[in-house]
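Here's the structure we're looking at; comments come further down.
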Amino acid sequence: MSGEIILETTGLTKEFKGFVAVNNVNLQVRRGDIHALIGPNGAGKTTYFNLLTKFLPPTRGTITYRGVDITHEKPAQTARRGIVRSFQISAVFPHMTVLENVRAALQRNLGTSFHFWKPERSLYHLHERALELLAAVDLQDFADEMTVNLPYGRKRALELATTMALEPELMLLDEPTQGMGHEDVSRVTQLIKKVSQGRTILMVEHNMNVVSSIADRITVLQRGAVIADGPYDEVSKNPQVIEAYMGSAENELQGAH
Amino acid sequence: MAAELLKIDNLHAWYGESHVLHGVSMTVAEGEVVSILGRNGAGRTTTLRAIVGLTGSRKGSIRIGGHEAVKLPPHRIARLGVGYCPEERGIFASLSAEENLLLPPPVGAGGMSLAEIYDMFPNLKERATSPGTRLSGGEQQMLAVARILRTGARLLLLDEISEGLAPVIVQKLAETIRTLKAKGYTIVLVEQNFRFAAPLADRFYVMEHGKMVREFARHELSANTGMLQEYLGV
Amino acid sequence: MSRATRFTYLALLALAIVAPMIGLYPVFVMKLLCFALFACAFNLLLGFTGLLSFGHAAFFGFAAYVAGWVIKALGWTPELGLLAGAATGALLGSVFGLVAIRRQGIYFAMVTLALSQMIFFVCLQAPFTGGEDGLQGVPRGNLFGLLSLQSDTTMYYVVLAIFVACFLAILRIVTSPFGQVLKMIRENEPRATSLGYQVDRYKLLAFILSATLSGLAGSLKTVVMGFASLTDVHWAMSGEVILMSLLGGVGTFFGPVLGAGIVIALQDNLADKVGAWVNVIIGVIFVVCVLAFRKGIVGEVQAFLERRRKSGRAA
Amino acid sequence: QISGDVIRIGFITDMSSVYADIDGQGGVEAIKMAIADMGGAINGKKIEILTADHQNKPDVAATKAREWFDTQGMDVLIGGTNSGTSLAMAKVAAEKKKPFIAVGAASSALTNEQCTPYTMHWAYDTTALAKGTGNAVVKQGGKTWYFLTADYAFGHQLQTDTAKVVQASGGQIVGSVRHPLNASDFSSFLLQAQSSKAQILGMANAGGDTINTIKAANEFGITKTMKLAGLLVFINDIHSLGLKTTQGMYMTDSWYWNQNQETRAWARKFFDKMKRMPSSLQAGDYSAATQYLAAVKAVASDDAEKVLGHMKKAKFNDVFMKGGWVRGDGRVIHDMYLMQVKSPDKSTEPWDYYNVAQVFKGEEAWTTKADSKCALWK
Amino acid sequence: MTEIFGIPIQAFLGQLMLGLVNGAFYAMLSLGLAVIFGLLDIVNFAHGALYMVGAFAAWIMLEKWGVNYWWALLLAPLIVGALGVVIERAFLKRLYGLDPLYGLLLTFGIALILEGIFRDQYGVSGQSYPVPDALAGATNLGFMVLPNYRAWVVLASIAVCLGTWFLIERTRLGAYLRAGTENAKLVQAFGVNVPMMVMLTYGAGAALAALAGVLAAPVIQVTPLMGSNLIIVVFAVVVIGGMGSILGSIVTGLALGIIEGFTRVFYPEASNVVVFVIMAIVLMIRPAGLFGKEA
């Protein structure tokens, strides 16, 4: 049912000691979209994500998710509603195996996480699904590897698999391709495209190749405020955006990448 | 060819027990911009860290301006005129942005002034009194680069400096590097972003599994695209 | 659990069962088991949740007093006394937990230290604890009102049974679904939060479980030895239990048991022979441990076996 | 018949903590002197000593005592300082039905509520300290008292006992303040004491607390307006404070090395080994061991009941006491002394610190049958 | 007579003054702890022992060589500072980059060792150190008789505290130190001799503890246990002030001295706990301590 608004913020504002990092942002994300959030450094993208996931309390404004006001909920509550984020800096459980990392996410829906008297065996039936998810990101061969030992790109892929395990309705990705080689970038881009089936994705990304190839809609932030919002073609021609973000015309489509 | 400012010979380096560099050799002439390419985990970061002495243990030879540096502690290496911008940025949370900027002691003459730096990165001026790590990801990246431009180091080791920056800023950074080159700085550029590095570097090294496997000059670039495709997937 | 580990445990259990017959002094082994249980309970928190509490003496010691008091003053049977002690640990653990759990790292350690200092002063002042003199002369009584514990041998097997049960319980807790969440929290707390786990609740439950078992250990000690004293609630006891875990191996199952054994045996044997030097020796152990065997004895042995296995595989 | 063919004396005391100086190794040495004086053996059976440090922790003391009774064949236990540890050891000894001699403990509970047929309280107790110092000071004109009390069982008891004595002999208590154990700074408490305008500051504390109180009292000039009365002060405390700060102070003790020829001779022997003069407790340890061994010799057995039976009938004469005896409550009755600290110019040699101001003879110093709560002595 | 909270104003002022004296010790000790924690990320359990060694050093120098108080004030911190340098070189150096827990445990061990040695050598009941002649006597302030020596303690320690604060928060050296705490390797790669700096910092922290020890020697009995009696309270001070915050530990030290002093008047039984009660309350409201930066 595309077109329905899944997430909406109205007048969302965050101030740090007088410095306005996010300024009166009104944003609507449609169900099923891959929605990119771009903007120059320090525009407030990460802060905006932090507000959505409750890692920071907003100074003003409201966040509505599927018609429910979730402005004052706790991070974990929000996560259980189906809003899940990945971090700008890689976030895995380093001394657990790759499989256990994914299982950690699958386990949550089991409802036995407080059961300290159950054996570990009660989790084994999750392995099948975990391997499926790993296969989706090409990590099936690493299932029993300690996660610390994975190269950076693979960790990012793992993080994606873990996030998917939660069956999120809305995924928030903060620079998912940062720090990846070209090969990985295109793989992860395709991966995002793939997992976007049946869910909504809101992502921050500086790599214009990625944005242009998969984003349905783009919002541009500058100094905490929205300066443009719309499909890629439209936004990328917006002179204000070019001036503030993309830079001179020769790089227009490619970005710097 | 101008004098060699940096000459690495058969360099091995370890993190704890894991052997990461397996005999790296490379040279960088004074005033040159050299870029090291390679996949994730090839050992590029480790090469830079080994030069400044931040890996576990090292073996082989690193000559900087004629001085053997492989046995020196990091602070002595820096004093040879080396400026290092780490991949993880290394911004200090307990120092304000400006204090971060002023932190590295001068190691040579002719560093940029604070005004020049603020001119180049106006964001930093605006956030000067914020604690360093409260800056946005990109602002921190700028800070990390700006920080070593002040010290007067003549040999700059830059690790993934275009990472996470908006395209406009990346362009600005490219200009900065050109300016620095014009001023005679010597630069080693580790970049994932080939399009950023390509127009800037005089020479390229390609790294794989802790070794330099290819070396070519800019004018050989087009001849090497096939090879790069193979090594990097560009 | 690997076969070798299982075999080691069984061998140790067999040894423990015959201990009184081969001339080991049962009261000493019982004391050791009580402290080993305490160290295991502590390690549940430090080793498997990543929380360093500097206030565990409060659970151990206060429960020891409560158990002693209900047995001596109210005439409860020993098993009820132990239950009362464990309940005291749980209750105190919930209170400490609610206050401290929101803080992290060194602050967590310091808050627990502060709270336990308060408990210490309560024990010093409250009339039922006997102040400086401690709560003396607690009778062992009859288990379930039937089985007299007066004989050291009977008492010993009861203590051993309780210890083994608790040890298995800890094994289970650590590998349970709940234990998995604890592991996540230790590894990367923000990530666990973002996966939707309310980490504070898990930490709180871990803290309460650890406090409960510590309380049980404390009350068991009272029943065995017949007294509870300020030593049990003093912050030095919190330091001691850290030493035990560290020496044996934080985050290993058997480490705290071994650590407790060594520390108790040292204190027991050295005190007579070297006087003031006992502190120096314990200090030296601390230093050596931290510098050379950071993983603790069991941890180092495991790491060694691991390395050998790896190089064996490589060869 | 001697069990295990050896006579084993156990001695558990503070060897490393705050009371190590007044008992500790010195106590061990004193007991060894007693054994040596006995010839090292009785009827050819060797005498051995086991020693342990309880660090002032009742649990350590009790554990050790139990272990030695169970595994070492210990025949008698001598307990050093402090009260908590001695009460704990008394419990164990009673359970094991073996003699226990408390030397260093102050608590009169050992021969009162908690008396047992196996406990003998040797050197002194809080009642005696209170009676001695309290009485004497009031008699010297110190009518109004203010107590500075260590806030634990022993301190409270000392204060209560002394207050009773002071009031009985016509004095008046104008106030008191409790300080935590091991407080490092007493100035605040002293200021409160001073504003009470009492004549006497009764220090119901011990060891380091007393020492720090005295130091601070001098510093703040409290000693100009009030007189200090130490309720539990040992010669080692005086030694470490020096005469300049302590001169004129009164206190009660059970023994002083510089009393007569005999005490001096014994003390010098002790000094040769320990490089310090013996405290009353160390002399008490010597005496306890000597009398126990004498009893073993007399009954030619180390059987607890026989030995105790003999000791409870005997008269004790040694360097520590003359004509001492064990009362029904386990209290060993002997003379006590009120000491006054000399001024520095009166002291002729190191450790020459006291003038004996008064001697309390026989039962005068101790609790009375009327006041006793010991069920055995009724 | 005017009264405040039911006690005469004179007594009130007297207690205030005494609280300040104790607070000055807390401040100096917690300052050294804060410096070491802030810069080395080590919870220095040995701090109390170093304080004790400082006091003993002064006493030994006086007894054995007749070195007077003023020289001791200079020499004892130097000696103990050197001891600190040795400890850092020999032990702590090996722990950098590890969990701070290890530093705490190591210094705990060192504290036990130092204490044990002095216990064995000098017993526990302690030694007296005389008040230096120049500071003997007392001044009548009207509301109380204040020993001159205590007045000197307050002045000296406040001066030392402010000096240290200035050095760390307001100078370049301080910036190196603060940055070094976070990422010593990187600071070193910028050309700062970090190992030397860290070593001297620990030495300076130890010297500060020793200085407090010398200042305290004439006031209390010099005993091997004087440090461990104090250290837990000083920890609490540092935590309340905000770990690593220099200013925090100074202000909190003084304030807690005063609060503790008044507790001794109003509810003496609680005077040992009051610090911990305050600590628990403060941390509930401000997790990072009064002056600590939120993580």
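Every chain is named by a letter (A, B, C, D and E) in the order it is written, and numbering of its residues begins at 1.
In this text, a residue touches a chain if its C-beta (ideal position, glycine included) is under 8 Å from a C-beta of that chain, and two chains touch if they have at least 3 such contacts.
Every value quoted in this text rests on a predicted model; they were computed, and no experiment measured them.
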Fewest hops from chain B to chain C - one hop per pair of touching chains: 2
Any chain in contact with chain A as well as chain C: none
Between chain E and chain C, distance of the C-alpha-averaged centres to the nearest whole Å: 33
Distance between chain centroids, defined by C-alpha means - chain A, chain D (Å): 76
Averaged-CA centre spacing for the pair chain E and chain D, given as whole angstrom: 37
Euclidean distance of C-alpha centroids - chain B vs chain E, Å: 44
In chain E, residues with contacts to at least two other chains: 119, 269, 272
Where chain D touches two or more other chains at once, by residue number: 16, 20, 151
Residues of chain C engaged with two or more neighbouring chains: 125, 275-276, 278-279
Which chain pairs touch, all of them: A-B, A-C, B-E, C-D, C-E, D-E
Residues of chain A defined as touching chain B within the complex: 16, 19, 38-47, 88, 151-153, 175, 178-184, 186, 206, 208, 244-248, 251, 254-257
Chain C contact footprint on chain D (complex, rising order): 15-16, 20, 24-25, 50-53, 55, 57-60, 62-64, 66-67, 70-71, 82-84, 87-88, 91, 107, 151-154, 181
Chain A residues within the chain C interface of the complex: 53, 74-76, 79-80, 84-85, 87, 91-96, 100, 103-105, 107-108, 110, 112-120, 122-123, 162, 166
Residue numbers on chain D that touch chain E, as the complex places them: 16-22, 151, 177-180, 182-185, 187-189, 191-192, 195, 207-208, 211-212, 215-216, 219-221, 236-237, 240-242, 245
Contacting residues of chain E [partner chain C, same complex]: 43, 91, 94-95, 98, 100-102, 104-106, 108-117, 119-120, 232, 235-236, 239, 243, 269-270, 272-273, 276-277, 279-280, 283-284, 287-288, 295
